[in-house]
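One structure below.
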Amino acid sequence: MPILDVQDLACRRGGRILFAGLDFSLSEGDAALALGRNGAGKSSLLRVLAGLIPPFTGSIRWNGEDVRREPYEFRSAMRYVGHADGLQTNLTVIQNLHYWAALYRASTSRDALEQALAAVGLDELADLPARMLSAGQRRRLALARPIATQPGGLWLLDEPTVALDRPSIVKIEAAITAFRAGGGIVIASTNAPLTLPNAQEIDVAAAIPSPEDAFGDAFEDALL
Amino acid sequence: MPILDVQDLACRRGGRILFAGLDFSLSEGDAALALGRNGAGKSSLLRVLAGLIPPFTGSIRWNGEDVRREPYEFRSAMRYVGHADGLQTNLTVIQNLHYWAALYRASTSRDALEQALAAVGLDELADLPARMLSAGQRRRLALARPIATQPGGLWLLDEPTVALDRPSIVKIEAAITAFRAGGGIVIASTNAPLTLPNAQEIDVAAAIPSPEDAFGDAFEDALL
Amino acid sequence: MASPNPSGGFWHRLANPARFQRLSAWLMPWLVLITLGCFGAGLYYGLYASPIDYQQKDTVRIMYVHVPAAWLAMMSYSTLAISGFVALVWRHPLADVAGAATAPIGAVFTFLALFTGAIWGQPTWGTWWVWDARLTSVLILFFMFLGYIAIRNAFDDQARAGRAASLLAIVGVVILPIIKFSVDWWNTLHQPASVSKLSGSSMDPAMLRPLLIMAVAYMALFGVLLLLRMRLELTRRRVEALQMARAGAATP
Amino acid sequence: MTAFMATLSRDLLIARREGGESLLAVIFFVLGAMLFPLGVGPEGKLLALMAAGVIWVMALLATLLALDRLFQADWRDGTLELMALAPDSLTLVVAAKCLAHWLVTGLPMVIAAPVMALLLNLPPEGWPPLLAALLIGSPALSFIGAICAALIVGARRGGVLMTLLALPLYIPTLIFGAGAVQAAIGGFDPSAHLAALGAITLAAIALCPWAAAAALRQAME
Amino acid sequence: MTAFMATLSRDLLIARREGGESLLAVIFFVLGAMLFPLGVGPEGKLLALMAAGVIWVMALLATLLALDRLFQADWRDGTLELMALAPDSLTLVVAAKCLAHWLVTGLPMVIAAPVMALLLNLPPEGWPPLLAALLIGSPALSFIGAICAALIVGARRGGVLMTLLALPLYIPTLIFGAGAVQAAIGGFDPSAHLAALGAITLAAIALCPWAAAAALRQAME
């Protein structure tokens, strides 16, 4: 039985249907890659799945429950890493991670946090203010967030490897593999190199409807 | 005789020497690629060359003149495209380009501007507000700036192809080739794919000095 | 490879932090001695062995705390502006450090002048505060110190903060003559009579002597605090730079 | 409550890390009040009549200036999304942020109020009601302002827009706050005014975090 | 001069595109002044005494609020770098931006001043000097404020910091501006005050763009 089940999903932004009729379902250990050219709607898809944007049509079910009706269980299981890293630059690396762990009701012990930092290769920089990190290091700290706070469930990663150099990408891929081995589900969007073995591909561009399909009878409505 | 002549260039930022002892010179039609890992100082090198950051040591000569002493001629010839695109999102695509052309004393005729837009594949979007552009389209508009305003001289392009998809990259490469054929000089930094035939490679990372070399006697000074 | 050290010269050799640290370490005990000695003498003469004013009684003794504080407040701002100028024009690293170190000291002296002035105002004028041109201008000076401190803290990038603060200090100098002439522009209701009466050569030498001793004491105290804070700031920057280098050097 | 406590301590930690930045609002509070004697003239009597009103208006404006960025930074760097997606309700997080904001700007303003009273020549009988009114009323300023701060998240010109939205909402607080002081100076009992202020603050604490959280969810769509 | 004209027309075009946003400052100007009758009480005589001072203080604050973003947006999106690297001097570009700012905020404020005078019960003999003083003095506010706006480019907390830096520099303008009105009301000739204001404005126009350009170059390093 699939854990995450998406049916007939459509998204409208800025008065335009980005994609419509998207169906897919994922079971424990599965992964999916959202593909499509710039502006196709990959980020929008992840934000809809996370619950930041309400879907235009369609449903998202987690363990059979509609996530908009029963958000608590879904939110406890889901971790989203967006374009923005979400760092407070005046706090140290570990203070940032500490806050996230507290917010997501995970263990805030120094050990647990340092383990997550080690997984992304930041353990040596734990006590530096985040403002001193380079772009790639910041991205890795953002990726330490799901690692530190997630017992299992769903990761939504928007361009996780942007700004990363090769060795860091390998580290992140290893963390994802470990997470999937523990039953986790991963959905990532990417233009940059990222290898997810056996990943289902969601072609967001293909789901862009032709104007008639997109708007249909609701042409006038959809333009509003 | 080289048009651009860089001698013993060093850059210090945030209390750290990023690179030192950089020498290179470029003649008409030449190109150079700045290489190095994240945080090596590629962007900093381009900013120093553009004149946004004063060099810590060393000299930059344009047609034999020190660019810091005689900035006017150099600025008239040089075009810089940084990380930031420099778009005013409330103006249309062509209004943005119009302002730049006026600022850089180039032709502001609609024809000239549309030609530059065509070179980056944005001619159809000329009258769209820039806020409606996707990340890749914004980048292309930024790259239309040197094309629209440049009679010949020097382009400094910081990661020109970031966020671009394949067809756009080809367009930009064609524009660069045409510029070089007309005697222009191009210096680009990049992590993403970009092919510049016969480009000299500047390895910024290699020019990172060891701490003793970097600081030498002036260790204490350099820390400030 | 040429040394990244820009060309030397006396001032630049002084500006070498290591040399500065040595020099200041040598200077410090002397300054502390002068401070303690002058404060002891000044306070003895000022609070005990000087005549009382026939009008103000003992409250006149506030003068020995108040007037040097006001002088030092203005001197601190000059220091701030000069170090800002040197830091911007010649890019002297130590000048920037000096500015950063001076500002809080200046703010404290200015506050002291305001505070003691207010305490003095209560018995003499019957009010803690009046909107007299001189009082107002000192209050503005206080806010200018705060502005300098605030802009130094407002940036993530230290060097940028230093440049902005230096420029602010220089722009602020424009206001010093304005403050001076505001007395003429702004016809004040409460011109403090006691100030003009006591000022200048008309002052009793028995009061002038402790006042001057106290002024020297304040100046030496300023020196001690400045050197201390500069050393502190240098150390802080060194730590920051080493941290920065570590962040830059950390490879995955 | 974990989210509440975690956010509260985080925001206080950030305020400490940023040094005196949160004190800027207090400085503005005092500096702004200084402008009035310069503009109106230094007459003590006139100042005394204006004092209560000026102090309260400056408290309003100072709170607004500091509130401007209450959510802006968290929104820009993406933290707000993380807060919204946390299992606990966003309302709790918002309440924690409002409380932290009051602790670092509202409370120092109450403490600085005697300086203002001194500078503006407020009569002695006005002092206790001024302090009481500011202590009771300033949380309402932070909490009500949070709604507006949430509404302007992502707007191009935050500061001015914020002021425009919030000032009308602040008017009851202003009237009762300044009214308490004026009453006391005029020889009346200020307790009715203070009670009204208390009611406003309680209502603001109960309702505003919820409304602000709703506004923030809109901002992230 | 191309750079000057191009920047001026660009900034005015943007202001038009952004719709009423530039008018927010004027609305704040009026709205803020409206708070005083609420805080101080509605007595006509007291208001008349305060009016000149309050109007000028609000003009200061409104200018500051709008100035906050004078360079911030151009800096954030990279336009400022392009301006600095253009062949023409950055000083010209900055002067054009200041002028555009004054045209969209200062000038409307002068036009709105009669409304304020009415609301605050300013005596009739104060009206002409009020308008004259605002017309002569408000460019100084835009140009002096531009230095501070340039200094805080990239700072973590623009708005409040800006106020702290600029208000001390605004004090002479405030004193002469309000002084002109007070003099006229008191039966004196305000022309000395107006002449001083004019001198301040001329000096500001001559020096400030240069200082602001220097500050901006620092910001981009």
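Each chain carries a letter (A, B, C, D and E) given by its place in the written order, and its residues are counted from 1.
Here is the rule we use: contacts are C-beta pairs under 8 Å (C-beta built on N, C-alpha and C of every residue); 3 or more make two chains touch, one makes a residue touch a chain.
Since this is a predicted model, take the numbers as computed values, not measurements.
Counted as hops between touching chains, the shortest connection from subunit A to subunit E is 2. Remark: among chain pairs C-D and B-E, B-E carries the greater number of C-beta contacts. Placing every chain at the mean of its C-alpha atoms, the farthest one from subunit A is found to be C. The distance from the centre of subunit B to the centre of subunit C, each centre being the mean of the chain's C-alpha atoms, comes to 45 Å.
The geometric centre of subunit A is 37 Å away from that of subunit D, both derived from CA atoms.
Here the spacing of subunit B and subunit D, counted between their Cα centres, is 46 Å. Spacing of subunit C relative to subunit E, judged by their CA centroids, is 31 angstrom. The set of subunit C residues that touch two or more partner chains comprises 143, 146, 150, 154, 156-157, 159, 186, 244, 248. In subunit E, the residues that reach two or more other chains under the touch definition are 18, 156-157, 161, 164, 167-168, 171, 175, 221.
The set of subunit A residues that touch two or more partner chains comprises 89-90, 134, 136, 165. By the definition of touch given earlier, these chain pairs are in contact: A-B, A-C, A-D, B-C, B-E, C-D, C-E, D-E. On the subunit C side of its complex with subunit B, the touching residues are 1-6, 15-18, 93-94, 96-97, 157-159, 234, 237-238, 240-242, 244-245, 248.
Looking at the complex, you find that subunit E touches subunit D at residues 18, 21, 24-25, 27-28, 31-32, 35-36, 38-41, 46, 49-50, 52-54, 56-57, 60-62, 65-66, 68-69, 73, 156-157, 159-161, 163-164, 167-168, 171, 174-175, 178, 182. Across the complex, subunit C is touched by residues 18-21, 24, 27, 31, 34, 37-38, 42-44, 47, 118-119, 121 of subunit D. Interface of subunit A with subunit C (complex): residues 89-90, 121, 124-125, 128-129, 131-134, 136-137, 140, 165, 167-168, 171. Here subunit A touches subunit B in the complex through residues 14, 37-39, 134-136, 163-165, 191, going by the rule given at the top.
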